[in-house]
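Each in structure tokens, the structures are laid out below.
You will see two complexes here that share subunit A, one where it goes with subunit B and one where it goes with subunit C.
Right, the complex of A and B next:
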């Protein structure tokens, strides 16, 4: 009889290669699922264009031929179409990041697989990371395509200003963003049926990011809250790089430094909040209940 | 031994009303079990109002909107809330019952299906009216002024518009029974199309001419146009899609015909689902 030799690794511990494989398996699974819903993907491209079109059309109706001139006086750029399109495309990335993580948790809860994920040797962080990578790739590509199509429909040049700096702001903004999504995840773990809360948060995010207006038009207290929110810096950074609306600290590298700070702080805070709620849920009703 | 013969009597009016009221009460009870949802949806409206108001003001030289702009945006927004609520709540509720597994049981009961459908949206109308009134007041405070004329006529027209959108709601419910999960994406897409072609947040004049022609094919667009033009006292250029009398006739016909057509479509989809045995499938 041949004895089956077990690997030297401690039972229940997965190798780094297995963890990476689990992460990408999650990405693949999510992409495969969403590819079955072509209507959803179409909506994802349509959403930023429609969102941007509303204030653009309202502006044209209100200010007529002087729309660009009045907008320049109020915001620092005459390119109101680019301003709104960048705002709505960034908003879709941010909003999707929150929704995808929250929906993933809720879905696993409802289908009864969340508890099983906690029991597998692959740590749940890697499954969550897979969902995060999936969300980033789906939203960023969707937002970029929407921006291109929107620019073509509304007749503006989509490639203007300093594109490299704009790209840097998006890249640096994504990490604190996914750190913050853990707050959303914690909310879903705690409240379970949190759809209305998530809907509300979506509009709060829209407001704080200044999707359709510069945050300088908000009251001072609201501006302060908005500046504590990393996507505000991401949106303003991209707009300043491409349209020249002006960085909060005057220079791109100073604003980027703030995003670097958020890159460290937001994930740490997010993980802390998520673990705290998660522990409390596991000690009480358990993660399987919904 | 006496054989029990099933009776196929039509429910009386009192029974229909009783079903309707029981369903409304059930929906209100469910609503009251989620107070966070209740408050969140209320706060959400305030934030949406603030976002669009601030967006509109970036195009204003004085920091205040003109009376015409306020009228267009505020009344357009009110119409958008009513229309989107009535439009997709019926279908969404049918889908919810399907997922919960209670739709089939509901069809086995002798209760009026029509009353049960209407009840799904009736409680929301009360809530939406309250939200609309409050958001109109906030927007009025933020934008400066708001014209209010011909209130009686406007409310009468609103009743016909809502009746028409009830009909579209029935049609969407029929679609939900047919296409199941894909209905969500379709509803979202239609909502976006309505936002633009219905010109809820801007005047129709802002749309390119070819788009205005498409708007002219959508009855709810006339609803938005006539409702806000009436409340604004028909200033020059309003209504924008057709003369006042023509728009009133379109809205009244829409309000009378669409519920019948929508319900007929729903009954067709329902019959098809029952024959195929797919009522409980999701």
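Right, the complex of A and C next:
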């Protein structure tokens, strides 16, 4: 038998490289598992197109030929098709991130694999990070393809405005999203329930992000709440970069700075909440009970 | 230090709610472990015995860091389960929920490689370790098939393989032969024995099958209602009932037979169970031959039909009955809950 030695440090203490390796092993395992469910990618691409098609067609039905003109007056862009497609694509990324973390925890509770993970010395936050990276990569690719197909079907140019800045907003929006999903995952760990919370969350996220409308048309108090939600800044940043709807603080770098703040605060809050609830669960019924 | 377990005054109380209809609930504490202290020595197979609900799974979950104790302490391989939980995880191999701890959509090899990553092996080492385990457990033909296509026995074998990934000096195996057929269970026991004898691994083995504990374990502890009732080597525990005579009586036996027989002065314990659908009364008495005539008489008076009377050697099951007053088949979960 070939001798294999564990690292020469206190057992259970891992180097950052080892933890990154464990995180990406989780991404790989998730991808392998989803690859065995055929049809998932098709579903992923279809959802944002169908989601965007509904308000686009409603707009055409109600405003007729003046749809673009009316939309321009309220939002700063006449490209309502692009507006909806970007909104629904980013919504799918955000929504999937919540779904994937909640389903990951819930599913693994039920199958017993969550306890298997807890028996290893890798902290669950890194396994959750792997699940988050898997989720956002899968959803971002799916949303991008859906955006391209949707643009072709609706007859708009998908590549307009400043694409680099739009990409920056997406990239910077994904990290606070991970922190929020971790916070949400902590609730699932405690309440042992995912579906009802996910259903409620879908509508709240949809509303706060302004998926189908600019949040400037919301009441002032609701706008304030929406601006506490990082994906709102991500969506508006992408729309502003590509369609010119206007940044909240006038300049792209100021809006991006707000996302940077969320990038630090949201993961810290998420990790704190996850660890806190995890300890509370271990103190009583344990993570395997569902 | 490696391969040892020291448990001191370990207690666990669950805070639950007793539901009363739709909206009402009453907070309720359930004491699952009540101040258990014991030590497991390096290189031994230590059996933890008790019926369902006795507290052994709670104890195993604390030892494997899945649960935090309410009070007391436990050190595995010299590491405290609360203060050094990650060191405990890194130096203990666990098989706790049978085949439930595996990803069924992944292949056996993919499962082992993934868990290797979570045990901090490098990518090359985790592949090598997976191959070693596949060879060791002769899983070669199955290794690249998804786990969902395995039989129960094959899944359990892979789950056992998963517990070997970190090559830990201490293994915790929670009812590993549960759901296995007789040949598969026997094969798994042989592998466990081999790991202990050839590699010197310390093994904590929980079971509710007394015969399994008797053949496999060096020492056993019997727990029930969260308390340690007996601990020692199997021959010592059996010898502790040295002056007892065990008589098994099979036939059509009414339940009131237990009380009637217990009323006899020489009888110290009596339990009623069932073997292959036939009622079996197990009686412990201080003077078997003299009591036999009285037993037959009493059973006749209460309308029992005796088919077979077998005087027997003391087994571990008898030790359990003597200590708890019940057979292992009886579930203590509900009663544990009621005893607050």
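As a working rule, the second predicted complex is superposed on the first by the 277 of 290 C-alpha atoms of A that agree within 3 Å, B and C clash if a C-alpha of one lies under 4 Å from a C-alpha of the other, contacts with A are read in each partner's own complex, and residues count from 1 in each chain.
Methods note: a contact is a pair of C-beta atoms (placed from the backbone, for glycine too) under 8 Å apart; a residue touches a chain by one contact, two chains touch by 3 or more.
Since this is a predicted model, take the numbers as computed values, not measurements.
Clash or fit: what happens to subunit B and subunit C when subunit A is overlaid?
Fit - subunit B and subunit C, as placed by superposing on subunit A, sit side by side.
Would you check which partner chain A:283 touches, where first means subunit B only, second means subunit C only, and both and neither mean what they say?
A:283 contacts subunit C only, not subunit B.
Figure out whether A:29 sits in contact with subunit B (first) or subunit C (second), or with both, or with neither.
A:29: touches subunit C, not subunit B.
Students often get this wrong, so check: with C-alpha centres, what angle lies at subunit A between subunit B and subunit C, to the nearest 10 degrees?
The angle comes out at 80 degrees.
Looking at the overlay, does A:18 come into contact with subunit B only (first), subunit C only (second), both, or neither?
So A:18 only meets subunit C here.
Answer with first, second, both or neither: which of subunit B and subunit C does A:191 touch in the superposed model?
After superposing on A, A:191 lies in contact with subunit B but is clear of subunit C.
Identify the partner contact of A:118: answer first if only subunit B is touched, second if only subunit C is, both if each is, neither if none is.
So A:118 only meets subunit C here.
Quick one: is A:127 in contact with subunit B, with subunit C, with both, or with neither? Answer first, second, both or neither.
A:127 contacts subunit C only, not subunit B.
Have a look at where A:200 lands relative to subunit B and subunit C in the superposition and call it first, second, both or neither.
So A:200 only meets subunit B here.
Which value, in Å, gives the least CA distance between subunit B and subunit C in the superposed three-chain arrangement?
For subunit B and subunit C in the superposition, the minimum C-alpha gap reads 7 Å.
State which residues of subunit A lie in both footprints, the one left by subunit B and the one left by subunit C.
37
Which of the residues in subunit B come into contact with subunit A in the complex?
Subunit B residues touching subunit A: 34, 36-38, 40-41, 43-44, 47-48, 50-52, 54-61, 65-66, 69, 72-73, 181-182, 185-186, 188-189, 192, 195-196, 199, 201-203, 205-207.
Name, in rising order, each residue of subunit A that touches subunit C in their complex.
Subunit A residues touching subunit C: 1-2, 4, 6-7, 10-14, 18, 21-22, 25-26, 28-29, 32-33, 36-37, 111-113, 115-123, 127, 279, 282-288.
In the complex formed with subunit A, which residues of subunit C make contact?
It is residues 14-16, 61, 64-68, 79, 84-91, 94, 96-97, 100-106, 110, 113-115, 117-123, 125-126, 128-129, 132, 136, 146, 162, 166-167 of subunit C that touch subunit A.
Where on subunit A does subunit B make contact in their complex?
37, 39-40, 42-43, 46-47, 50, 53-55, 57-63, 67, 70-71, 73-75, 80, 191, 193-197, 199-200, 203-204, 206-207, 211-214, 217-218
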